[in-house]
Amino acid sequence: MGCGLGASPIEDLAAFHLIFGKTVPDVSLNAVANLGYGEGRFLAPVWPGDTLRSESEVIGLKQNSNGKTGVVWVRTQGFNQHGAAVLEYCRWVMVKKRDEAAPAPETVVPALAESVAPDALTIPEGLDFSRYDFALAGEPHRAADYSLGEIIDHVDGVTVSQAEHMMATRLWQNTAKVHFDATARPDGRRLIYGGHVISMARALSFNGLANAQMIVAINAGAHANPCFADDTICAWSEVLDKAETAAPGVSAMRLRLVATRGHQAAGALRGDDGKYLPDVLLDLDYWALMPS
Amino acid sequence: MGCGLGASPIEDLAAFHLIFGKTVPDVSLNAVANLGYGEGRFLAPVWPGDTLRSESEVIGLKQNSNGKTGVVWVRTQGFNQHGAAVLEYCRWVMVKKRDEAAPAPETVVPALAESVAPDALTIPEGLDFSRYDFALAGEPHRAADYSLGEIIDHVDGVTVSQAEHMMATRLWQNTAKVHFDATARPDGRRLIYGGHVISMARALSFNGLANAQMIVAINAGAHANPCFADDTICAWSEVLDKAETAAPGVSAMRLRLVATRGHQAAGALRGDDGKYLPDVLLDLDYWALMPS
Amino acid sequence: MGCGLGASPIEDLAAFHLIFGKTVPDVSLNAVANLGYGEGRFLAPVWPGDTLRSESEVIGLKQNSNGKTGVVWVRTQGFNQHGAAVLEYCRWVMVKKRDEAAPAPETVVPALAESVAPDALTIPEGLDFSRYDFALAGEPHRAADYSLGEIIDHVDGVTVSQAEHMMATRLWQNTAKVHFDATARPDGRRLIYGGHVISMARALSFNGLANAQMIVAINAGAHANPCFADDTICAWSEVLDKAETAAPGVSAMRLRLVATRGHQAAGALRGDDGKYLPDVLLDLDYWALMPS
């Protein structure tokens, strides 16, 4: 890339999905729903050939009022084969209570930051966009070209199919039953793996954010509504913030990436009741690095 | 793996499928049905980069009473690029008679062993489970933990799709028409490749048999009923036998692996009439190696 | 292969599809239809690890009588990382007029050769079929065994699925919307990528043309009718011409490869009205190299 990195790191979300996948057997194999993400920081590039592993710590617990389910918060760290942390993030999931008759556990709701502060972003060592080749990149837009609050309609759409999302899900070693076993949900439908929606939306977002090169933080994220085969995934983005970094020519862009079912009006996120609109699939708030 | 092998061999069933696939043009391109397997022995590990080829010998022949079809028994050997046999097995298939008016050939039904004797199992050179890392493996169960006759429900299920099984079928270079051409069968349905069912069931079986590391023999096998897209493959196992081997810490486990359509009662195999139940897809009797 | 090449080049159509794919954003992202190919010449082998790029020149332009669409002819060249041209071809596509009120551009219809002359074929340096191993190839047929006008029914069929063609389309980096977005066409159907049909038909054609080793020219080509998921692709070929080359033991065969929807009578191409029959998907006229 001529960006000072020496080699091409593994795509950030691929690393995220893989580290996430390794947590599924311990955290969410039978989860009812994956509710949200926060405090996600990419700490070091992952290189082809690296071997990753995950460790998770339960940091919060809250029984739901129905007495049958509850929310579990975990903080996960991903490590490479040298023992270096490459990623950390929190997520919370709804799970069934093993013994409904058991007393409710003490409620612990962790205080998570609304977003990762710009000075807490880890910029890959050596990264340098000062000689970024916009002609080779194919698109001229740099951080300075975007304004706060700007909404970008990514225009394209991709219709998803069972076989594709199941293969993506296997690739990232995510074994949650609802993705593979049509008999696991009462409606007999396989849930499209949320990571597939995230990566599809991110891929669509390059049409408009072509030079948003690396994801360095996930501030917040929610799978707003379930996605099923034959849905057409579309996406729009909103520019939430911008910040300079210490690396030459490298700006950080805080972006909201929204995936929708079908082509929807860019910018429409919630209804009057404050709830996500029914065709919003994903609301992801992240920091990416871009040439200044 | 720290198991004394120096490198990770190709997964046993991958080698089996590939060697099987290379026999299809000669044996079963137009076969009506693949009836059974027996006397299968894995003779040497297959390594990444190896080139495999197959040789088959017709060892039996029997015209069916309808005069239109018959059964052909073949013994196949798979060789690597050094000319070393890596696998041998028998299978029998139902094929159409080329000329129905021709006299029936002499009936030759080969006498196949009911199972491979434990002392005929080939243990990969250097294999040593005496320092097997159960923590790294993720599951603590060893051969001693299983009892003869024990039934293991593998719990999970995977719904199969056309695109996935066709890709698996191509990967193993199996070209039988019924898997690819929806017009090849009177019912207009593509038959799910049997090797896909075998490997899916084997994959499911690791939930309960996590340390059943290598398959060293296929004693017997039958594709009991056809599998189609949108079927959900589930599996259960029965412990048929156990044996010690000469390798340190290595036991052989004789297991019956049964794949079913949908979640069925583990252990239910045949009806009162002695026939396979209609939702049994696969009945595979094999030897695997496991830490003692 | 023992064919004098030193290594196995990337399959010719894979290189074609990739170079084609890189032209889509500039030429046919929103195209109504991809109408035809001509003057295609493979100029140098593509090797594993090569990096390819494409350059296209508009060579023709014609507004349709409806005033809303028009035909654009482009000549594309594909280059490897050393700057050497590896492929050139022309294609013409129907696109929408940006401003229907604008005056029609001057009509320029390029004069394209009906076929590539045999002496204009580029034979890969070192290619030598004089010691071609027919036993290893698995089929004995050489150029001398085929007669002009001979029709070959390739017998097999492959039913196509959404997931497979979308993955093939991504693999070749073809981003045209009609392949991915079910909402992009009024009928709500995803169009099967034409390159998938070409490669499927070429693959089927090895049953009958097993030793037609390399494609060196595309004389003409048309996607006669659209292909959709669940169609079964079948193929037949016609021997159009034969020529000697300067390379030892290497003949050139000019072949017409026709893909059909379902099993159709081999040789049936056009109706009495001169138009392609409704189940003809592809009509491809190409030169391949074969042992003499």
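Which chain is which? They are A, B and C, in the order written, and residues in each are numbered from 1.
The rule is simple: a residue touches a chain if its C-beta (ideal position, glycine included) is under 8 Å from a C-beta of that chain, and two chains touch if they have at least 3 such contacts.
Fair warning: this is a prediction, and the values are worked out from it, not measured in the lab.
Participant: Using the contact definition given at the top, which chains are in touch with both chain A and chain B?
Facilitator: Correct list: C.
Participant: Give me the superposition rotation angle from chain B to chain C, based on Cα atoms, as a multiple of 5 degrees.
Facilitator: 120
Participant: Between chain A and chain C, what is the separation of their C-alpha centroids in Å?
Facilitator: 39
Participant: Would you please write down the residue numbers of chain B that are in contact with two or more other chains?
Facilitator: Answer for chain B, listing residues that touch two or more other chains: 161-164, 167.
Participant: Which stretch or stretches of chain A touch chain B in the complex?
Facilitator: The touching residues are 161-164, 166-167, 177, 180-184, 190.
Participant: What part of chain A is in contact with chain C in the complex they form?
Facilitator: Listed in rising order, the residues are 156-159, 161-164, 167, 230, 232, 262-263.
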